[in-house]
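Pasting the structures in now, so scroll down.
Two complexes follow with chain A in common, the first pairing it with chain B and the second with chain C.
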Partner chain A sequence: MVGSVTTLPLQADDTVLLPERIGDLTGLDAYGVGGELLAAFIAAFIVGNLMLAMTGVAGPWAKRKITAAFTDRIAVTHLGPAGLLIIVADAVRLLSKEIIIPENADRPAYDLAPIVVASSALLGFAVIPMGSGIHLADPEVGLAFVFAVAGIASIGLVMAGYASANKYSMLGGLRAVAQNVAYEIPLVVTGMSVVIFAGSLQMSTIVEAQAQTLVSIGGIDIPAWYALVNPFAFVLFLVANFAEVGRNPFDTPEAPTEIVAGYQTEYSSVYFVLIYLGEFLHIFLGGALIATIFLGGPAGPGPAELGIVWFLIKIWGIFLLTQWLRSAVPRVRIDQLIEIGWKGLLVLSFANLILTAVIVGLIA
Partner chain B sequence: MSTGLERQRQPPVEVTEEELAAVIGDRALARDDHLNAPGFVVRPDDVQDVLSDLKEQAGFDHLSCLTAQQYEDRYESIYHLKKYADPTQEVSVVVPTSIDDPVSQSAEPVFRTADWHEREAFDLVGIDYEGHPDPRRILLPETWQGHPLSLDYDQEKPQIVTLTEHANPIQPDHHKDESDTMFLNVGPHHPATHGVLHVKTVLDGETIVDVDPDIGYLHRCEEQMCQQGTYRHQIMPYPDRWDYVSAGLLNEWAYARTAEDLADIEVPEYAQIIRTMSAELCRIASHMLALGTFCLDVYGDFTAIFQYAFRDREVVQDILEDLTGQRLMFNYFRLGGVAWDLPEPRDEFIEKTRDFLDELPAKVDEYNDLVTSNEIFQVRTIDTGILEPEVAKDYGCTGPVARGSGIDYDLRRDDPYGYYDELDWDVITMDGCDNYSRVLVRMQEVEESAKIIEQCLDLLEDWPEDEREIQANVPRTLKPDADTEIYRAVEGAKGELGIYIRSDGTDKPARFKIRSPCFHNLSALEEMVQDEYIPDLIASLGSLDIVLGEVDR
Partner chain C sequence: MNDWIAIGALALVGLLIPLGMMVVSYLLRPSVPETSKRATYESGEIPTGGTRVRFNIQYYMVALLFLVFDIETVFLFPWAVAYLDALESDAVSLLEALGPMLLFVAILLVGLAWAWRNGAVQWAQTPRQVEADSDRQ
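What follows is the complex of A and B.
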């Protein structure tokens, strides 16, 4: 469905991916397929841990500090500088808690759900170009891959909701599915409008395409980030993304005060950590996706080596936005949420897609 | 001083005692007048007739309270009737029943609110109500033996409340064969029940089919404890513990007013001003909390609004602490006055309170920016949790809940006490009947309370130093005449907080009955949430602003 736009330089082939670089540096290349696999594994290990470390900082510490700033409080201060060591304390606390599994839980679905939720988000980072050469894989269907693996999380949520044998979990699970189905489509369709601009699903190509100059104002080049080229699509994507990761004002699947904690009601200890981890990873994956396809990926002032820094700043910017909304925006009701999804976002996203296609077609 | 207390509608023509007697006619066996109202004794099988005649012909549309009690030779149910249009018009319908067979006709078909009241009367005193649609216990467990407020109840006997005889609350499947509904326990431990409340909910998908609030988890025998305390000092600490979220002084006033009227104590004007001021401070604190927790229910987390509301409530708490020495359980009122004068240095206290009042408008604006003008908030709250005025009256709803349904009813104005009728303020009503209206009413009442406090401060500041009389001359031991009965109410934070006292000539009340506004407001929940979604159930519950300590007593 994507018309090829040949005016854009396709440099994807020149991209050196992280596994190759590691293979080069360590000499693992010499050992054939086994060596390549090991190099790929090491690379994935690095990226995965980077994301997990970010989550570790975000969950126990940054979230507390940010929320506190919004609500006139101070939050953690006593452990370490600015309370940073609370991360260690929290890790110990969460891991040492008793794991309580409901008698009627449907196992192994109950045990698998947290792993599915957490790993599906982690998988998505495989194709995200994070700058400074940190890019695990660059398949031609990169964007579709991210949507696909992120979508797996829905299965995890249903599993969690169903297998817990708890009515609140069940309600949460059902809400999660209804919500994900309703917002996945606008999300993907809006993503498609970017693909029409870039002419490719490949992440590196999409990032390259945004490196062009949109306009020059007083000698400063404004890059053609798709957030600037098509702010309408950007906003649509942002909204659909908040719904997709279940953040305020769309946090209905969890909806504390309504259905206790939704699908995660019956999870404790390590399982709880995994589900929570999964949620944060999904926020970050959403942020990474937004950064990549709308905010120029790792692009930013300064040398290209700073790419990862810019990239993380953009992800954290999105994270900050989610926390801001959490502090200040009420939650919509489930029926209103579905209505916004099907009657609002879906229509708008298709309108955006068609408009983009027409405009791009006319210019090209 | 002009008072802004003009009613929107003129009160109905007063019904004289002769006319009342004519309405009741032969059905009145005798007179049993109370200090607050004429009382008519009627036969147990005439209850519905008499009540519906009083409601239809004489306009008594407010069953304010039902008191049940046992004498040596009989049981007695007293229906305290009032008018929403003019609560100073009162009448008591006294229904005696025999000791051996305490069966009385249920008033539920006439007043919906009699449902819960008669369940409570059965539960605690042991009177059976014939024709009651749902004759279960309400406060105590289903398997409780005996009726604690009856005379032959053995308090020493241990009660074994078996869990097996309850329906298993976590029983996995409550499906009936042919139905698609799901039974869901909201509470007793749930993030949004504002205390230990158990709402048995039947759902069709996410839609509410039926709710049945199960209360009594916080029943602390408050009535019994008050019956064991002496009038003079031992009862006053208890009201603080009914509506315990900072409405303490308003509750204390309920007891103070009732006992002072019972013992004929005149409170000095200066003390009344202090009472009025401190009670309104409590109202602000209480409404702040109501706003914060309602937003907690709608926003879904301990968000900015909750914290802001608590931040502002904290200032009020500090002022009250300066005044009373306590932050929650004040015990500041005394029969005939208050415990002590404003703290020294006086100027500093007045200055601090004025500072709070000066900053309040900006804070209210902040709430309006952040909460009530938020579109999502409006979508969530407007036209949800509808409580029609007629339904509200039927359930005996009062306070901000009634005023949010357009019922122009506020005891501070309609049945004046304290210093309210000398001051310039307004009663806030909203016609929306929904969750949004109830929030707006509370927000605006905060501003009205601020007006009242401001005027009280002016008066207190200029009061001549040698006339600052904070306490009337009250005998050390109060022994009101035997068989004096009185029912008095004040406008508490949540609505009409009434107390019935019957004296038996000793220094302790023979019967002490609390009319809790939350109890009535909560009973209307089932009407508000029919066919709404779970989130609206939670929001409606929040908008009722119940405190379980007051519901269960």
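What follows is the complex of A and C.
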């Protein structure tokens, strides 16, 4: 791909990655390596802030509105249209809180943990094709990269749990890692059953493979989204993903009624914001992954320029589902959580992988 | 352009955003030190004992089990990528493409069955299971 930069057309083309497009549009290409780096930085800045904005809307506003709707209440109405300005108010409020660091805290680790949690989640978005040309990078190891980067968050949670020097935090951190570890395998193995169809880990290839027509009913082409090709894998992935991001019914590591707030008990002010941000980014990263490998990525009716709209609709749909579950289902106990993971999902995910391989093999 | 430059750029942005927020917060927030404000939180009680508590051995067992299966998934990825291509090129038969993977997974599933039987993934036991265990010995 290096060297072909100057010959790329300017019009919206999904095969052109965002840094190249920006390099082209701004003329940064002419400045050699420095220009390339700057274009990559601008593109990364756009993607990073897009995700930050989504988290900003989701955390202080959408989450409250949705929960209120599910529990028959009215929430955030006072500031701005539909209470939207609460986002600004909350940002100022949370950042200007006094920070209280427990006296026994293990300092470097205690300070680093929130950064690790927030950064690792954000990094996963680098390889997600969001449509309308918003696609930062497309390495061949795409899918494995997302799993690898998302896994780093576990380290942050253990650091937070251990360094806080608090019994609740310690238990929460241990629970978090046991849970992430238990559901990582089903998640990856189920993701692998999609790789068998696409024959590649590259995100753009996986999305393209889903653009084919599965069946035509009454003149409407149903695309071969892997959620329709292999619904069993889709459901498995969805469940494993809820556990991986620690949402209900798998929010055992935080379990407010048992261990206060788990690993984030001793975090206040900006550190709390960062951990909270990381959690929301993880929910969105999970949604982005589901949208990309099961729901056709940015595909949808209408012109290709609408890609980002469809993509956002899909990941907000997954977010809505997590909030629905939060209001609707009870939490599982830690022993149930481990048993569901190791005895249920793990076995089912391997059954799914082997069945998929056999069926694909027989057809091919 | 190299993909990894862009990924590195996002890693940089991913660090700058939290650090920026920390700087803004540092400029905005007050500092009001009070006696025992920074004490370890234990639901409002005076904290007792150390915080490095003993924890369930099961966390360790599960982590060991994870290591084995995580490496397995790493080995399965190349197989999953090459599988369909290999079949369509007619270079290998279905049995040759599928057989080794099935054997590989089967060996690990035997390991899981052993761990399952020995209670490595069993957090708590019902009274009946405790009884059955003591009967076996």
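Everything below uses one rule, namely that the second predicted complex is superposed on the first by the 350 of 364 C-alpha atoms of A that agree within 3 Å, B and C clash if a C-alpha of one lies under 4 Å from a C-alpha of the other, contacts with A are read in each partner's own complex, and residues count from 1 in each chain.
In this text, contacts are C-beta pairs under 8 Å (C-beta built on N, C-alpha and C of every residue); 3 or more make two chains touch, one makes a residue touch a chain.
Remember, it's a predicted structure, so these values are computed and weren't measured experimentally.
S.K.: Name the contact category of A:138: first (chain B only), second (chain C only), both, or neither.
M.R.: Only chain C; A:138 stays clear of chain B.
S.K.: Tell me the contact category for A:330 with respect to chain B and chain C: first, second, both or neither.
M.R.: first
S.K.: Between chain B and chain C, which makes contact with more of the residues in chain A?
M.R.: The partner with more contacted residues on chain A is C.
S.K.: Let me test your reading of the model: by the given contact rule, A:73 touches which partner, first (chain B), second (chain C), both or neither?
M.R.: first
S.K.: In the superposed arrangement, which partner chain does A:167 touch: chain B (first), chain C (second), both, or neither?
M.R.: both
S.K.: For A:251, is the partner it touches chain B (first), chain C (second), both, or none of the two (neither)?
M.R.: first
S.K.: In the superposed arrangement, does A:201 touch chain B (first), chain C (second), both or neither?
M.R.: Second partner only.
S.K.: Applying the document's definition of touch, where does A:188 land relative to chain B and chain C: first, second, both, or neither?
M.R.: After superposing on A, A:188 lies in contact with chain C but is clear of chain B.
S.K.: Look at A:260 in the shared chain and tell me whether it touches chain B only, chain C only, both, or neither; answer first, second, both or neither.
M.R.: both
S.K.: Which chain A residues contact chain B in one complex and chain C in the other?
M.R.: Comparing the two interfaces on chain A, one with chain B and one with chain C, the shared residues are 104, 165, 167-168, 171, 260, 334-335.
S.K.: So in the complex, the part of chain B that touches chain A is made up of which residues?
M.R.: Per the stated touch rule, the residues are 172, 182, 184, 190-192, 206, 295-304, 306-308, 311, 370, 374, 376-377, 379-380, 533-536, 538.
S.K.: Considering the complex alone, what residue numbers of chain A touch chain C?
M.R.: These residues of chain A touch chain C: 1-2, 5, 17-20, 23, 36-37, 39-41, 43-45, 47-48, 52, 92, 95-104, 114-115, 118-120, 122-123, 125-127, 136-139, 144-145, 165-168, 170-171, 174, 177-178, 181-182, 184-185, 188-189, 192-193, 195-197, 199-201, 260, 265-266, 269-270, 273-274, 277, 334-335, 338-339, 342-343, 346-347, 350, 353-354, 357-358, 360-362, 364.
S.K.: Which residues of chain C touch chain A in the complex?
M.R.: Per the stated touch rule, the residues are 1-15, 17-19, 21-22, 24-26, 28-32, 37-43, 51-53, 55, 58-59, 62-63, 65-66, 69-70, 73, 76-77, 80-85, 87-88, 94, 97-98, 101-102, 105, 109, 112, 116, 121-124.
S.K.: Looking at the complex, which residues from chain A come into contact with chain B?
M.R.: Residue list for chain A touching chain B: 70-73, 104, 165, 167-168, 171, 248-249, 251, 255-260, 326-336.
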